[in-house]
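Following this line, the structures themselves.
Okay, so chain A shows up in both of these, paired with chain B first and chain C after.
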Partner chain A sequence: MKGDKLYVFLFLTPAFVITGIFLYYPFVDNILQSFYKTDGFFNSTFIGLDNYVRLWSDEIAREALFNSLELMLYVTIFQVGIALVLAIMVNAITKGAGFYRTTFFFPIVISGAAIGLLFTLIYNYRNGLLNEILVNLGLERVLWLTEQSSLYMVAIPTIWNYVGFYFVILLTAIQKIPNDFYEAAALEGITGVQKMFKLTIPLIVSDLKTCIVLAITGTLKIFELVYIITRGGPGSSSEVLGTYMYQKAFEDTAMGYGATIAVVIVVLGLSLAFITNKLLQKEEVTY
Partner chain B sequence: MHSYTEDRLTFWERFQERYFTQSKIGKIFIYVILTLWSMTTIFPLAWVFLNSFKESREIITDTFKMPTDPTMQNYVNAFETVNIGKSYMNSFIISGSVVLLVLFIGGLAAFAMARMQFKLRGVLQALLIASLLIPAFATIVPVYRMMIQMDLVNTYLALIIPHTAGNLPFAILVISGYMATIPKELEEASVMDGCGRFKMFTRVFLPISLPSFATVGIFVFLWSYNDLFSSLVLVSHESVAPIVVLLSNVSSQYGTDYGLMTAAIAMTVIPVLIFYLVAQKTFEKGATSGAVKG
Partner chain C sequence: MKHFKWSLLLVLLFVLIGLVACSNNETDSTPADNDDTSESAEETDTEEASGEVDLRVVTTMAGTDPAGEVFQEVLDEFVSEHPHVSIENDSQSADAGTIRTKVNTDFSSDNEPDMMFYFNTVDAEGLIEEGKVVNLEEAEGIDLSGFNSMLEQQRHSDGNIYAAPQSGFYEGLFVNKKLFEENGIELPTTWEQYEAAIEAFAETDIVPIAASTEDSYYVVEHYALAAGGMENYKAELADQNPTWAEGLDNIKKHADMGAFTPDAATIDLAMAQELFKQEQAAMIFEGSWFWGQLEEAGMGEDVTVLPMPVYADGGETGEIVGGASQGWFISTKSYEDEAKRDVVVDLFNYLTSEEIIVRIAEATGQPPAKGALEDLPAYLEAGHQLVSDAPAVALPINDRIYPEAFTHVRTSVPDIVSGNTTGEQVLEEAAAMEE
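The block that comes next holds the complex of A and B.
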């Protein structure tokens, strides 16, 4: 259309000015900050790669990294796994499917802070939900948050929180599979449970792949639940990269070091997403 | 030959009918598993709601019983001791402004991206997609420093601006994706009627694309309302703190006042849950299309 140039400019400018100043510039500046020793205000010294060297030998950071990776493993397997089982089951029933869809999905809309507080109450030693159930069954109270268990105890609400999300994606995918495929399979003589593994799952493999990539990158963003339920403790047994970054940058005012951890989170997320994509690429089936 | 109703079922559905649905044991098994999982989502919240109407002492002694003498005291405490009303208002002012700004600025940009031809279109689109991968961690340090320099820390704007910037790429992509499917004839007809580009946006494209605006609006609201990380950094002062920051403080300062904690959880969750039950479809669409957001 004639005179569009002006409108393109007028319509796009506000959006790109705001994202430019408050999203893209900070993203680049964060990378630069990771080369400085800075408290964010007065003191700022260029130290080259020292932050990265320090990070390499920082034992808490290493623990946070391994905890994040361990969480990633549980979260990916159980979130996507449980979601897949639930999706196949809900697709198999007629009555009550809507009810299950509603109840499975709703934890997604609740804030991590509220879920964190809810699970604090559930795990509480004196009168938490779990210990009250045990006492009612005539058993002893259990200390739920210990150094050995704390990581599992934050993995559980994380998984619980997001199963519904992957459930909706996978259920939608299963319901879209065209009829012809099953008819063709029947002619080939593929029957029974075989069909689920040879047809349904291969046919939704691209959606499964999306879910796995999302679960992996999503785990790196975990902050709320850990911050509220355990604050990374006891010790640093449930510290993850997100909480450690917050602690360094904003509680210990080591902003440069915090920026360095943030860079690592981004790089880790991108490379894991890339690797997962590559690994799963071969199995892709389209219809 | 198949009967009409049988024909309408997909093969998968007929297969399931035979092997799961029609065998009684399989069916019972499926319902048991599904019901167990839905118990895990309903039971904890029901427990919190019930206990929020009991005194702290009763929560300890009779945690699973119905409240014998229902009290609103915990809710009164929530308003009086931790001023939850103020946090509510802060949350709605901040997240409401973010939604309006994102929809207005993002809507205009989406219109240009979807319906106008210009050189940088491809580049900008790639940039928008790439920016979905930027997590809040990766921008917070510089954003915090900028807010300090502009003297905005602990004002509403300190959170409104970065939330708006963070949500714009997602909004532009989703809305422009929707606008791109609108037939060219409508655009031509509105030109014939003498509409300029701006009028074309407000009179034709905005009303037709409302469903995508609703999806984006709901998701952006949720994301902003639920974001604890940036809120702790930028608006942690009591006078501007949103409700998630209050929850975090309650957990560390009033950790033994179970009544107050249950009431605070209930009050944070209830408005969102009601909203969800009313507009469930839009919620599901919003959350799944926002899947890749950082």
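The block that comes next holds the complex of A and C.
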């Protein structure tokens, strides 16, 4: 047994070293940087909790936080919701299931930057796809990215991008359900809708829980789509924590303040994952 | 069994050491860019023994910059004349501003380039204060003769020169003469004509001014200049000069008149440039580097550059934003390396020779820091005339104020346009950031 421990230690060491160097060390350093007014390179002054005090009264940061939470709500409801509906529908058909599986999964393999560019060109006021269609139909151009609409317009590609991911997880979960359950239910005279709500969903609830946690924590990492499509604008109407952190750390070279925003993102992500796990805690379904 | 385990452990250890050793040998055979100090020392030994010198040069001559191709040719020619030298061209476009992060990261991680063409502005302050770059006037073998007044513009507040200029630039109002003629609108040489042009184009399908109000660098600068003239334009941010606030509020006034495309708050500079190049917009605030793109688009002849009409008392139309804010730096580490010093000095003198400076300037059409461009097309000549006729020239605002404060001013323009804030309030917030 003692010898096994040696092997465990030996084989885990490379993983620990790599994670330590590339994840934990930068993370701890990031926390330290958040107590400094620094450009990250040559100018550094210890300012204690001043960055946190500033963050507390920073209206743009507050707006970015609320935007991130709002985006999280849309993403969780629609990404997982649409994925669930699609998975149930694809599972119900016998012909062409492969085609739909590939089609729905396809957006996952496209990089976020490419999708961002794609939607930038779709929403563009003068030469965008949507407005070209409207103009050809004899209608007026529409300003798609306004202060009121920008967050929704960013949410659309964000949802579309990752629906396929949750679709595959849920489809696999549904296909794992033994057919006996459905056969027994059919003998009892179950209808299609009842089958979905009383049989399929309760049996894949643990997978749904995983999807919801992944969707919630994933939303806090949203950056490239917002950065490319709206750059957080107009004004700061679609600013999210990721884009605001990038702007502060890398465009404004206020690395200390950027590090403070990063700490908040991590704390928020961990807290939300913890809360979601607690709320969704339920006995595991086994079959 | 126990012995077997220990033997296995030893074998693994030897394999690991072997792999590390092999990787070191490999590095020795191709001594490129390595930031490890001991490896650097080994590299130097190898270089000294073989006479080979590897240099790395970082510039902003990349991406859409038409100077990029010529610069690579120039480097290739230097290498062919100096067979023992190899140069890695690590240039990166200045468009996204990430070049600043790259240079700062390189210098702070002991991986500095041997030479760089970089902003000699607030961006280089840290490098100069830390002694990371060489005082060129004291460096042995460096030839600083033959430069025009752009060299003096590089003098740092401590009295030394750390960067040698290559070319100057100017910013101005680029107007599509053809669109003005076709619509019977006068070119905007006064503030009244400028506003009349906005009103007239706003009634057509042509956007009066192609601009991003988020990436509003040049718009902010020119509106501040128009409202205050050069004297106020040169003010410090801490002064919270009322003419700057007036300039910012004028952007809203003109936006309400239909000066910009409705999505100006979400497009970037590149998309604004596209509007102008596709002749969907009549005017754009840009810099002399924009000529390269206009020539590529085949519309150089249709465009001319005008100074921003200044309406301020004491100001004068013709005052422009410009100068020479970039220069060639030599890193101290490289200069102090005996094996590299001579080659670095040779390369510096070669790149800052009149022949090379003029050759690179020809690609961009920008005024060179040595010599002069000949046989220029009329539109480029007009730009050079703009500089020589200017009663006053000053560097862009963002070259002299705290980056975070300027970003706040620039990115607040959409909020000023939508009426959520005012120029005065934005300046007050930006000044607080600088403190």
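What we mean here is this: the second predicted complex is superposed on the first by the 250 of 287 C-alpha atoms of A that agree within 3 Å, B and C clash if a C-alpha of one lies under 4 Å from a C-alpha of the other, contacts with A are read in each partner's own complex, and residues count from 1 in each chain.
One rule holds in what follows: a residue touches a chain if its C-beta (ideal position, glycine included) is under 8 Å from a C-beta of that chain, and two chains touch if they have at least 3 such contacts.
Quick caveat: nothing in here was measured; it's all calculated off a predicted structure.
**Q** Mind checking the superposed model to see whether chain B and chain C fit together on chain A or clash?
**A** In the arrangement built by aligning on chain A, the partners chain C and chain B clash.
**Q** With the two structures laid over each other on chain A, which partner does A:Thr19 touch: chain B (first), chain C (second), both, or neither?
**A** A:Thr19 sits against chain B, while chain C stays out of touch.
**Q** After the superposition on A, what does A:Phe41 contact: first (chain B), second (chain C), both or neither?
**A** A:Phe41 sits against chain B and chain C alike.
**Q** After the superposition on A, what does A:Glu132 contact: first (chain B), second (chain C), both or neither?
**A** Once the two structures are laid over each other on A, A:Glu132 reaches chain B alone.
**Q** Please work out whether A:Val168 is in contact with chain B alone, chain C alone, both, or neither, and reply first, second, both or neither.
**A** In the superposed model, A:Val168 contacts chain B only, not chain C.
**Q** I'd like to know which partner A:Ile177 touches here: chain B for first, chain C for second, both or neither.
**A** In the superposed model, A:Ile177 contacts chain B only, not chain C.
**Q** State whether A:Gln247 touches chain B only (first), chain C only (second), both chains, or neither.
**A** second
**Q** So in the superposed three-chain picture, is A:Asn91 touching just chain B, just chain C, both, or none of them (first/second/both/neither)?
**A** In the superposed model, A:Asn91 contacts chain B only, not chain C.
**Q** Taking the superposition as given, does A:Gln148 touch the first partner, chain B, the second, chain C, both, or neither?
**A** Neither partner.
**Q** In the superposed arrangement, does chain B or chain C reach more residues of chain A?
**A** Counted on chain A, the partner with more touching residues turns out to be B.
**Q** Give me the intersection of chain A's contacts with chain B and its contacts with chain C, in residue numbers.
**A** Residues 3, 7, 10, 40-41, 126-127, 250 of chain A touch both chain B and chain C.
**Q** Could you please specify the touching residues of chain B with respect to chain A in the complex?
**A** On the chain B side, the touching residues are 10-12, 14-16, 19-21, 27, 30-31, 33-34, 37-38, 40-42, 44-45, 47-48, 59-60, 63-64, 105-106, 108-109, 111-113, 116-118, 124, 131, 133-146, 148, 161-162, 164-166, 168-169, 172, 191, 197-198, 201, 222, 225-226, 228-229, 232-233, 244, 247-248, 250-251, 255, 258, 261-262, 264-265, 268-269, 272-273, 275-277, 280, 283-284, 287-288, 291-292, 294.
**Q** If you look only at chain A, which of its residues touch chain B in the complex?
**A** 1, 3-5, 7-8, 10-12, 14-16, 18-19, 21-27, 29-30, 33, 40-41, 82, 85-86, 89-94, 96, 99-100, 102-114, 116-118, 120-122, 126-127, 129, 132, 136, 160, 163-165, 168-169, 172, 174, 177-179, 181-183, 185-186, 192-193, 195, 200, 210, 214, 217, 220-221, 223-224, 227-228, 242, 245-246, 249-250, 255, 258-259, 261-263, 265-266, 269-270, 273
**Q** State the interface residues of chain A toward chain C in the complex, per the touch definition above.
**A** Residue list for chain A touching chain C: 3, 6-7, 10, 39-43, 123-127, 141, 143-145, 147, 150, 229-231, 233-236, 247-248, 250-254, 257.
**Q** Could you pull out which chain C residues touch chain A in their complex?
**A** Against chain A, the touching part of chain C is residues 1-2, 5, 9, 12, 97-98, 100-101, 104-105, 107-108, 126-127, 129-130, 207, 214-215, 261-263, 265-268, 271, 275, 278, 280, 403-404, 407, 411-412, 414-415, 418, 420.
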